[in-house]
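Both complexes shown next keep chain A, but they swap its partner, so chain B is in the first and chain C is in the second.
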Partner chain A sequence: MDKKTVTTISYLSRLRIDKEKEEKIVQDLDNIIEFVDQLNDADTSDVEPLTNPLEKTAKTRSDQITAKNLKKELLEIAPSSNDDYFLVPRVVE
Partner chain B sequence: MSWETVIGLEIHVQLSTKSKLFSGGSTEFGAESNTHVDLIDMGLPGVLPVANKEAFYKAIRFGLATGAKINQESSFDRKNYFYPDLPKGYQITQMTKPIVEKGSIKIATDESEKVINITRAHLEEDAGKSIHDLFEGKTGVDLNRAGTPLLEIVSEPEISNAKEAVAYFKAIRQLVTFLDICDGNMAQGSMRCDVNVSIRKSGDKKLGTRAELKNINSFKFIEKAINYEIDRQIRVIESGESVVQETRLYDSEKNETRSMRSKEEANDYRYFPCPDLLPVVISDKELKDIKNNLPELPEEKENRYISEIGLEESEAKIISSSKTMANMFEEASSKTDDAKLIAKWLVGDISALLNKDNIDIEESNLTPENFGKLIKRISDNTISGKIAKSVLEEIWESGSDVDEIIKTKGLVQIQDESILEEIAMKIVESNPDQVAAYKSGKDKLFGFFVGQVMKETGGKANPKSVNEILKKLLK
Partner chain C sequence: MTIKYKTIKEIKNMISQKEISNKEIIKEVFDQIQENEHLNAFITLNKEAALKKSEDLDNNPIDLPLAGIPIAQKDLFCTKGLRTTCGSRILNNFIPPYSATVIENLENAGCISIGKTNMDEFAMGSSNETSFFGNVENPWGKNLVPGGSSGGSAAAVSAGIVPAASATDTGGSIRQPASLCGITGLKPTYGRISRWGMIAFASSLDQAGPMARTAEDCALLLNQMCSHDKKDTTSLDDAIPNFEENLNQPLKDKKIGIVKDLDLSSLDNEVVKVYEDSLKEFEALGASLIDISLPNLSLSVPTYYVVAPAECSSNLSRFDGVKFGRRSEDPKDLEELYIKSRSEGFGDEVKRRILIGSYVLSAGYYDAYYKKAQQVRRLIKNDFDKAFSNIDVIMTPTTRGPAFEMGSKGNDPIQMYLEDLFTISANLAGLPAISIPNGNIDNKPTGIQIIGNFLDESSILNFAHMFQTSTNWHKYTPEGVKE
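Our next item is the complex of A and B:
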């Protein structure tokens, strides 16, 4: 783990990391990874990867429309919206 | 230096379910903005997605029709990225265990036939829509489309040029419409495609660095974008530089591709199994039911039209090539005994009108009932083929009933031979010079007399009767 990796991860996850904390975070993450890395000592060559700890399969739905029109309510709880759309800072392609 | 092109396509097919992949929100196209948004589509905290079984059934139909392996247990993963039209901050997709793997499809270009292998086809949710040009300094977001089920079909990099890429796309479109899993409507974005293009020296084994062209939604643009991109990559390499692996946007107005570098640095999706969703299992019985209910596919239709109905191969090919055309043929045929005549009109006059207006037969005013009736009126000699053409044109414009048009315009064919004889006699008498010339050996003038009778009757004479009568009179 180095500073550059931490910067990349913080950008990808949109989490701002204060400059003065960077050093400590690198150290913390290193410790966490080292701890979790112990798992690599277990021999898993004969084990199927686990997709979910609940050893069950999904209940599914039939193809029915059940949603109500919540346009007004949903737009209201957004940080920024007008009568028709959620509004976000301009995303330029 | 000669170059070889390697192309792979990722086609996103919107599955025609009524509700979304993980919520009971409607997938209706063109609804008022943000009216089909469920709490799950919004990604509000505390909600749980529940998979729509119908989306799996539709994906399996595609898998079976392409001879693929169906994974009866498949699971979902999260693909993480931030974009405003993706409310959760991740897209639910199938990375490790897709529902469909290892299929193939036959494509045909003018030059050759070829089989393209399909690496995988997996289910995933669509994003919403961003509107960039409506609000000063802001982007508007409409989440109606968020959560709509997509089947992403990934081909092997086995496509060698732009024409093959178009043929592949067309083959997939034909298949998904026949399977009734997607409406195939490109203008509404029901099918979109990303194209991976790379070039290498002819004979090289190793693949070159590829560029990904994003979100192309018409046959024409697929071809143009690929051809532009091939030329660009050759220019780059021949000038001594190297192709950068990147995403490029095709600009149809300028006919060029350009880099979308801004997005590139974030291209690390950190996939992991979606903890909100358990693996979905399809039972043997479900799989068998889907298999037993697969609709007839284009090739099967074509063969049946030839062997059972007796159509020409070329006719059978054209009619079976599109679902709506085949539907029209089958429904209209059920209303008359003359399927061959139906086919002739479909391939001939009707195709010409469709091409002229650049529309699908489904969008025209012609219904199978009315079309069947038109053919019936030709077979029972109510109208001549020539009059039928003008009746068809009238239907094309107004959609009016065939019998109604024939009645109000007085188009019923003159069957009474005595009337035709009278008219023919008059024509012969008033053109003595032509009669003399004809009798002296100018056989071609026969057509002149036929034409005059037809003109006099407004095209309503039965041409066969006219020929016989004139032959008698001019002997």
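Our next item is the complex of A and C:
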């Protein structure tokens, strides 16, 4: 873990790291990665990854509308919206 | 009459005997909240609606399992029309247009939601020190942490403000604060309670559950909280038993697994003594102790700190300042809107976990970390499956020690992560587990954890309840032992 890696993953995460906190974050992340490196102690050859304790396949359901349209309520709680859309700064000139 | 430190069962009796009205109960709750303001246990109150519901109940009594019972809701559950912050600045102004299924279930059972409790930001923390709304104080002592992430819920129950609270547990967030605050807290089997309307942290680990003064009350609450929910694909459709039915089963011939790989030498001597005394109590109740081996248990914390951040970095990508929540002022373009809104909206611990998650999921590291952790997760689950072939429950201390001072885990995140050493494995394997008070060290409560087999909440509630019929640790309050 170094400054360059932290800059890359910060951008991937759409986060900006304050200059004065940068050194501490690099150090913390480095310690955490070193800590989780203990996982290499386990022999996992031929072990299937476990993604979810239930290991059930997602259920299907009939394609029927059950939910109420919350468009008005959802647009109302948006930081910026008009009658039909969420508004953001212009992306196309 | 007062409801302070009363259980749900006792309050139900008081209501049915007409010793107290529903409105008097709710008024007392809000007086108690004010008196305990220094605890900072609540973020948002629901006073007007709660008083109204209690008046309605006085005028038109209804026979429901939780009729009139005041419950504090963790601020991680969406509550329709009532601000829901998840302890974060980014949701400071968020008023959900719908309620979580578990909130609906509790309210349909008659309970009165009195407000939203403080918590570690997005449930990421073990001391309630990462909340945007400030630390919660443990009712057992000034400057002591209540644990986390459900610190506000635990403090509200421990201080006797409410008999019960809702909470969530991703790596110990119900059990660890329950232990540090001297109350009972249950994390059910993964999938027992719907996650619809719960703000997601790590979707394969998150599970809601109750906090209360007794195991008996937890059983009553669990009966109401569980349901099969079509809106959550991981919601189980297995039969839901009546969790109150088996509480009084004798423990004779029952077997308790004791993990021989667990290194207790890093704990205080007193914590170990309290734990061993409890095991003797269970033996006196007729149960026997059997040595079991969970050889991969020591890898549960590192496994968790790959899996949980990976899922968190993905789940928290939805907070972008566009559709809901807080947006930064005057962004110059869309990208700056995302980056500024997120950077201003999230605190340091949340950022740290998102960054770790992005790292372990990124190309070139995915196999070495994320896939590896999921493989170890299976080894941990296999260990439990094997152990449970021969025993009824597993016991461990809930935490490494009683409540610690605010700020004492300082700047080292790993020291804080190790707080969940004993609790995390149940989340990785999806198993139910409960923490109950089992002692007191220097006037600070301790807890013992009982882990059950998949879907077997009934057994852990049975063990917990029998312990509480023969001991009175659960009757200890910050103001002395309850009659």
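By our rule, the second predicted complex is superposed on the first by the 84 of 93 C-alpha atoms of A that agree within 3 Å, B and C clash if a C-alpha of one lies under 4 Å from a C-alpha of the other, contacts with A are read in each partner's own complex, and residues count from 1 in each chain.
FYI, a contact is a pair of C-beta atoms (placed from the backbone, for glycine too) under 8 Å apart; a residue touches a chain by one contact, two chains touch by 3 or more.
This is a predicted model, so every value here is computed, not measured.
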Of chain B and chain C, which one touches more residues of chain A?
C
Taking the superposition as given, does A:Lys59 touch the first partner, chain B, the second, chain C, both, or neither?
both
Return first, second, both or neither, reflecting whether A:Thr51 touches chain B, chain C, both chains, or no partner chain.
both
Applying the document's definition of touch, where does A:Leu74 land relative to chain B and chain C: first, second, both, or neither?
both
Mind working out whether A:Tyr85 is in touch with chain B, chain C, both or neither, as first, second, both or neither?
first
Jot down the residues of chain A that show up as touching in both complexes, chain B in one and chain C in the other.
12, 14, 49, 51-52, 54, 56, 58-59, 61, 66, 70, 74, 80, 86, 88-91
Show me the residue ranges of chain B that touch chain A in the complex, using the header's touch definition.
17-19, 23-26, 32-39, 42, 50-56, 73, 75, 80, 82-84, 96-97, 130-132, 134-135, 137-143, 249, 260, 262, 265-266, 268, 270, 273, 275, 277-281
Using the touch rule from the top, collect the residues of chain A that touch chain B in their complex.
8, 11-12, 14, 49, 51-52, 54, 56-67, 69-71, 74-75, 80, 82, 84-93
In the complex, chain A residues that touch chain C:
1, 5-6, 9-10, 12-17, 21, 24-25, 28-29, 31-33, 35-42, 44, 47-54, 56, 58-59, 61, 66, 70, 73-74, 77-80, 86, 88-91
With touch defined as at the start, can you tell me which chain C residues reach chain A in the complex?
94-95, 97-98, 190-191, 204, 230, 233-234, 236, 296, 298-299, 301-303, 305-306, 313, 317, 320-327, 331-340, 342-343, 346, 348, 351-352, 354-360, 362, 369, 371-379, 381, 411-414, 417, 428-431
